[in-house]
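What follows is a group of structures, each given as structure tokens.
Note that chain A is present in both complexes that follow, paired respectively with chain B and with chain C.
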Partner chain A sequence: MITLNNVSFAYSKKKEVFSNLNLTLQPGSIYGLLGKNGAGKTTLLKMMCGLATPSSGSCTTLGEKAARKNPSLMRELFFLPEEFYMPDMRIKKFVSLNAPFYPEFDLNQFHRYLDEFEINPDSRLRSLSYGEKKKVMIGFGIATNTKLLLFDEPTNGLDIPSKRQFRRIMASIANEDKCIIISTHQVRDLETLIDHLVILHNNHILLNENVGVITQKLCFKTVQTVGNDQGIIYSESSLKGHNILLKNAEQEDSQLDMELLFNGVQQCPEKINHLFNLN
Partner chain B sequence: MNNIFSAKRFALLVRKQWLENYLLLIGSFIVLVAFDFFVLYQNNDWDANRKPSYFHFNISAAYILSLGVCSVFILLTYFRIINTHTKQIAYYTQPTSTLEKLAAIFLFMVPVMLIAFGAALSISVPVMHSAYDSFYHTTTTLFAKDEAATMKDAILVFLTLQALILLGMHTFKRYAIVKTFIAIIILFFLFFYALPGVTFNWILPIEGFRNGSFDTISYMRNHEYGQMVYKGILYLPSYLVYVCWFALYFKMKEKQL
Partner chain C sequence: MEFKDKHSIYIQIADRVCEKILLGTFKEEDKIPSTREMAIELEVNPNTVIRTYEYLEQKEIIYNRRGIGYFIAANAKQKVMETLQNPFLENTLPEIFKTILLLEIDFKDVTARFEHYKAGFQNETNKNVDAPGHE
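Right after this comes the complex of A and B.
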């Protein structure tokens, strides 16, 4: 669905964001795009929808060169940036002006989401809070029924119940034909939703793996004391003791702790790289 | 699927831009009409004691200023669509082709602007003209022959300036207004000073040297070839408007955010 082949990108000579990046994203998954500030998450999303052009290499989205921004591609993807623009008008008018560009847009579905997010469809967009506006955009984006959804920090600004509703809606729309990519720092919000992780670090992809494979190869535990276990990749202290990330030599079942994994990948990239590339 | 131009997508885009901005556009038109009335009043003599042999109702100033104000309003409306990063993302991720986006800009910038400009003058001029004639109990004609020619050129000048500003805004990322302004001054210098100067002093002094110096003015006046080249150079800026719109297409196509 999305192929980045030897992609390099720089905003200026001094600020290189990607260097020979290779990545393939397939439909049927909800991808979590993680990385520190400035790692290039937003740039990567922009590249996928043609708003940023690689300085070398190629980025192909849904079989088309993304940088061309062809209407045939743009109507099959919806990009929700972290900061987004909403004109001053009623929701109904916003939908009537924008929905016709998306052939698969479903108005009933959109109203269902508004209902779920407890937003009055007759509201004026200006009168809504940032979180409410975001819910409208999330609902609109999902109701476009595009093959590709690109969400940049979608849970920022959402209240606690809305985050749960967001997870529920996202889980309900995931199917074999759709590819959903969510860039986030709020890993706890989306831990149970994401089924494939891509971690960016220093111009490169440190980890690009299915959650099932990650939990097969790594074990996430909380212990009182950290021994000299050779399998420990990374540990950090917490209120309950120590959270540890270790090789899953015993093939134990454990719940993915995305934050622990992210920190582990940042601190010990070589070990993680070794584990996922050689095993 | 046609990725170059679809009438349906173009119509949707124009409808969207109109419905998002029609209040501003209608408001601007009302201001323009009021402005025309004001300028027509200011630029004509309304002294009841005046008894000249020749009365003339002057519309040149209103014409030129109105054209300028109209261009500014329409440019502001467009910049309102793309003046922030978030608006640009919404604009460029819209499923429409670059040609459709460009055609929509052109529609508002040229035909709609000229219609609004003409309509505003069609409202204000007859009213003020008949008021002028009634005031002096006379009958005046609206256009002098040379005025009409100047006004025709003024439209081209404003459309060129407008296209240059649009191109500048899409070309420069930072300090776009300042850089565009400087670029326009450079182009002005290039077309009206440097290019004729270089052409006549360096490229074409075939028969022009007299005692070691070259008299550009007399060369232009006295030589058919010189006149032809001079006219050609003066016509060059009139083609700039097409070049700008053409370049704008590629700037929009390659736009990165």
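Right after this comes the complex of A and C.
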């Protein structure tokens, strides 16, 4: 669905964000894009939808060069940036101006989401809080029914009940034809939704793997004391004891702890690299 | 739903289905929620629920009627019990024994409390199971 081939990108000569990046994303998954501040998550999303043009290499989305921004591609994707501009108008007007770009847009569906998020469909956009605006955009984006959804930090600014609603809505729309990519720092909000992780580290993709494969290769545990076990890749202390990340030599089943994995990847990139045979 | 530590989410959902079978909430030949319905209820990725149902199907606890959905298999309760009894006796029970010994709890007291709990539990589950069928 999306192929990045030897992509390099720089905002200035001094600061190169990516060099020779390769990545392929398939439909049928909810991808979690993780990385520290400045790792290039937003840049990557922007390249996928044509808002950033690689300085070399190519980014192909749904079979078209994203940088060309062909209408035939633009109507098949929706990008929700972390910060967005909303004009001073009512929701209805906003929809009547923007929905025609998306042939599969469903107004009833949009209204169901507004209802679920408790947003009055007659509201003026300017009168809404940041979180409420975000809910309008999330609802609109999902109701476009595009094949590709790119969400940059969608749960930022949402209140606690809305995060649950967001998860329910995502669970209701994810299917084998759609590719959903969510960049986030709020892994706890989305841990049960994401089924494929892409972790960026130092301008590289350090991990690009399905959650099922990750838990086959790695085991996540909480233990009282940390021994000199060779299999331990990373450990951190917590109230309950030590959270450890280890090689899954015994084929034990455990729940993926994204925060622990993320920290482990940052601290011990070589070990993770070796285990997943990247590059 | 709060997911506890340890097992992967698809196994935790399977445990949840198994518990409903043991409690009698899901009976033999009952249709269970679709993967989509279950995913929305539990706020999880639909692929995870698909994995759960495949796992339960492989264990012959549920079965698939093409185009209709998933149903609780005949003898599902028996199978769930057989699967769960051993791990409980081998792993969970020794932990409880250890605590009883460490805290020097009189085993007679444990037996008395168990009987009391059992009476309450049977009352409660009978109510739940009988409720839909009786006037």
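In this text, the second predicted complex is superposed on the first by the 277 of 279 C-alpha atoms of A that agree within 3 Å, B and C clash if a C-alpha of one lies under 4 Å from a C-alpha of the other, contacts with A are read in each partner's own complex, and residues count from 1 in each chain.
One rule holds in what follows: contacts are C-beta pairs under 8 Å (C-beta built on N, C-alpha and C of every residue); 3 or more make two chains touch, one makes a residue touch a chain.
All values derive from a computational prediction rather than experimental measurement.
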Contacts of A:89 with chain B and chain C, given as first, second, both or neither: first
Chain B versus chain C as contact partner of A:194, first or second or both or neither: second
A:74 touches, of chain B and chain C: first, second, both or neither? first
Dominant toucher of chain A (residue count), chain B or chain C: B
Which superposed partner A:53 touches (first chain B, second chain C, both, neither): first
First, second, both or neither for A:28, with chain B first and chain C second: second
Contacts of A:276 with chain B and chain C, given as first, second, both or neither: neither
Chain B and chain C footprints on chain A, overlapping residues: none
Residue numbers on chain A that touch chain B, as the complex places them: 46, 49-53, 67-72, 74-75, 77, 79, 81, 83-85, 87, 89, 93, 97-98, 100-102
Interfacial residue positions of chain B with respect to chain A in the complex: 1, 3, 6, 9, 12, 15-16, 19-20, 84-87, 89-90, 92-98, 100, 253-257
Chain A residues within the chain C interface of the complex: 28-30, 164, 167-168, 171-172, 174-175, 192-195, 212, 215, 221-222, 253-256
Chain A-touching residues of chain C, taken from the complex the two chains share: 3, 5-9, 11-12, 36, 39-40, 42-48, 51
